[in-house]
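Down below are the structures I want you to see.
Two complexes follow with chain A in common, the first pairing it with chain B and the second with chain C.
Entry: the complex of A and B
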């Protein structure tokens, strides 16, 4: 079973699932909202067993057995905690942390191909601090505008790299969102030196077996690094991305 | 050369490390979460351009009347407190404190890679402890026994697990602190329906003495806790008497495995929680990424704060 894990309003994941189903592939979309109200969740590990075992049963009868899943497209950015939305803040905070912990362990333990495996910082995959991603991009040979972040600046640290790229780029600069799968850029017309830098960046941030988006501001020949995202625009990758992603997820 | 201490200065671990650093003549700048609203931070990364290796980290932090160039910060001991839970701040102060907190956090995330700064510990590395079963998967790769664990919202499955293991304990699945408690059928069976809303972590109950191993760089300082309590930290609450702590000499390569485990998690300073099982196996429950070591040092005399200070003052390799 191919599993697509995403929020209900994720058009990219639904695009991928729609194409897979149109080809007659068994593909289950598991909205994170439904995961908030399951019939049953069970996650077993340890005790000398080499493999964890997770079974999640939904109220519509769907059973997600980790042992039967053959590939997972994971775009779960937040833990499935909708059931606690109206709880008192302290209880909601605790339950959200617990459900994050459950989700992180479940998705990490899957033995099938997963894009992306979660990280402790982000359930959807690698999401390093923005300055750390800048440092990695710079060390990888990508063009990086000097970045400044401080308490006197109007932008949050998370927006500092994009702000720096914007300041350094001319008015004719255009944004390019490059989808990268397992270190390979799937956007058209990407210069070879940029593609090589992207591969190095993916490796540096632990995304060499991941599906991520890398943002650039392109001004003439200059592809200026503007940030990374664990939730890339899949449709921008088109049919080529669809085929490569299927293969990465272990589907023929 | 300045060491940044980010945390509540009166909190015992922070105070003990500060004293050890001062005794070694180190220049220390304290970033007190209570004073964060009045602080200012600027961070600048430069060296742009393809093919230019490295890059430069510069900037300044101004706090409590001091101004320190970030390039001078060679090490940091981090026990920050989220601004949302710092008492006594009004909403405007809380907002300013948040901005300083987030900027400092970004600084620490890049300080090791670009500034050669030694961090105990990088905050991103501490995140492995946000999920005990996730961390258990990493721990098992280092040859430690990890207890049979069930995280479930199914009362019948939980009762079956308790029955199969002839008892069980339960605790938080996340890194939020909880008291490890033995499952009491008479008290707890009737409450199991509450699991429906959020799965809870149950583990087989293991016998044997607890050992807390403080890893500092490549050193391991171990303390044995002698107590009949399920959670020796709360022994007075559970069995009416405090746990007795004493230094413990680790054997059979256990120290090396603890050091390797902490290094694998990216934690130069860690508290590894072990249990010595009667059959000779060594179980590991979790790795605490921000160990509150003061209790162990005070009770045993082990020089944990000194080891942390020495590590912070060692030039980055």
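Entry: the complex of A and C
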């Protein structure tokens, strides 16, 4: 069974699931909001051959058994804690932390292919500090505009990287949101050195077995790095991405 | 019906007698409470720490005073400042602003008795002595106790809220007063540091007004953010413990605010001290300093401005960056320059506001925006949610401005969860310094497919799936609620 984890407002995940279902594939979409209201969760670690066993029983009778899941598209950015929204702050914080830990452990321990496995920074996958991404991109040979970030600057570093790329690019620069699957960039006309740089970048930030988006400002031959995201625009990747992602998730 | 003046006269006549009794925390004129609800009847209200029948009959509050109705309300006033030992952090508003404005976190740079303190920078004001812009907050936020000195440095945000000294310091105490009516402090703003005459989430300040009974008000504070309430009492004399070194102070002629509990349980909490209280039209009426549960106490703004010798900063062509010239000092040339700057800022904001592409570049917002465009979620909410509070919360959860309380920790592409308005504010500030930034034609357009020849993003096909999933979520919420409800 293919499992798609996402918030309700993720059109990209729904697009992917819709295509899979249209092809007759067994695909369960589990919105974070629904996962917040289960009947029961069971998560056992250690013991026996299987290092972890997770069973989630939903209120409609659906049982999500980790052992029967064959592939997971994970775009869950927040722990499924909606049921605690009206609890006292301390209890809500505690419950959210527990559910974050549960989600992290569950998705990390699944033995089937998962894109993406969670990281301590983000449940949806690699989301390093943007400046770290910038440094990794620079070390990977990608073109990176000098970035200035200081305590007096109001920018979030992501905006600072974008601003730097924009300032360094000419007025004719065009934006490209490149979807990268397992280190391979899926965008047209990507120069070989950029593709190699992307592969190195993915490796450097622990995304070589992940689905991420990388932003560029392209000015002629110059592909200037402008940021990364663990939630790429899947629809932009079209049918090619759909097929490659299915394969990465172990689907035939 | 008695006049308010008559009630105030009666209150003043009995004030000292009641305030000298143990357990009495204040007295004012305001709306009488019945069963925890405010009525329209105005009464002389005696505030007590705890209602009890164990009071000698001679000390009891009579039902009438000189023929006027009385009321007894339970209120123990606490300063609305947040303090923590230095090794603990309970952060509330961690935003760093290069352009200072009202409603944001601030606190002293120094550690006082092993603790750091956080309050709110209420508003930007103009020092009548120098015509320079300065920041307004409470005495107990900036000075904290009797060990303070003029020149003590302040940091934005506070040390509790990731502020750091000296990098985050923005000014120093110019004047501080803890008088019979005012708990206020004036903080200088360092040269080169920009300041705006507006309050976060409220907007530009239009001036000042006197608080009147029943007036709808709001404030933006470091801890509880933007909250709403109404003036339910005035002419209050309340007793507040300022701690070691200062002791209990009685502040007179105070304004009382009741929380609008349909919108927020509390009007203020610890950390909101120093916020200014503003009416619906943007006029400042009071300076918040203490609270008792859902009730908040504040200094009338006229007394604050008078004692600190400041004027409220009001945006306009006369409000120059870094200072406001006195009328006789203001040159025609400066007028023209100010006007140009104001026009330039407005144009930039206008351009940014209408530029959808900039908004779309923040991907998390983009998704949320797509969601709000779609009718089915609204219809779903309308059809299924009205009588199910929990389900409504689940649906609210996906609105862009109400992301979960504990999202992915740490920075990164998903880390910025501030509102679009705040981001635009930051962009505006940066733009003002840089002159130009990202031209419209340079901004990424993520709406189209990156792969030519591939299918364009289509809405069709997903609506049905999402409607189905929304129904499943609704069912799950309902089933879980039923499951969790104890058997009768």
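We take it that the second predicted complex is superposed on the first by the 247 of 252 C-alpha atoms of A that agree within 3 Å, B and C clash if a C-alpha of one lies under 4 Å from a C-alpha of the other, contacts with A are read in each partner's own complex, and residues count from 1 in each chain.
Simple rule for what comes next: contacts are C-beta pairs under 8 Å (C-beta built on N, C-alpha and C of every residue); 3 or more make two chains touch, one makes a residue touch a chain.
What you see is a predicted model; the values in this text were computed from it and never measured.
With the C-alpha superposition on chain A as described, chain C and chain B clash in the combined arrangement. When the two structures are aligned on the shared chain, A:102 is found in touch with chain B, with no touch to chain C.
In the superposed model, A:187 lies in contact with chain C only, and not with chain B.
Within the superposed three-chain model, A:121 lies in touch with chain B and with chain C [touch as defined at top].
Within the superposed three-chain model, A:15 lies in touch with chain C and out of touch with chain B [touch as defined at top].
Of the two partner chains, chain C is the only one touched by A:235; chain B is not.
Greater residue coverage of chain A by touch, when chain B is weighed against chain C, goes to C. In the superposition on chain A, A:217 makes contact with chain C only, not with chain B. Once the two complexes are laid over each other on the shared chain, residue contacts for A:42 go to chain B alone; chain C is not touched. When the two complexes are overlaid on their common chain A, residue A:173 makes contact with chain C while staying clear of chain B.
In the overlay built on the shared chain, the residue A:25 is in contact with neither chain B nor chain C.
Across the options 22-30, 112-120, 202-210 or 274-282, chain C meets chain B in a clash only at 112-120, per the superposition defined above. Put simply, chain A uses residues 38, 83, 97, 100, 120-121, 128-130, 151-152, 156-158 to touch chain B in one complex and chain C in the other. Put simply, chain A touches chain B in their complex at residues 38, 40-49, 52, 83-84, 94-95, 97-102, 104-105, 108-109, 119-121, 128-132, 134-136, 138-139, 141-152, 156-158, 160, 168, 193, 197. Contact residues on chain A toward chain C in their complex (touch as defined above): 7-12, 14-15, 17-19, 21-22, 29, 31, 33-34, 36-39, 58-60, 77-79, 81-83, 85-86, 92-93, 96-97, 100, 120-124, 127-130, 151-159, 162-163, 166-167, 169, 171-173, 175-179, 186-188, 213, 215, 217, 226-231, 233, 235-241. Residue ranges of chain B in contact with chain A, taken from their complex: 39-55, 59, 96, 99-100, 102-103, 105-107, 109-110, 113-114, 124, 127-128, 130-134, 136-137, 140, 145-154, 157, 172-176, 197-200, 203-204.
Of all residues in chain C, those touching chain A in their complex are 96-99, 164, 167-168, 361, 363-364, 367-368, 370-371, 377, 389-390, 393-394, 397-398, 403-416, 423, 426-427, 429-430, 437-439, 441-446, 448-455, 457-459, 461-462, 465-466, 469-470, 472-473, 475-477, 479-480, 483.
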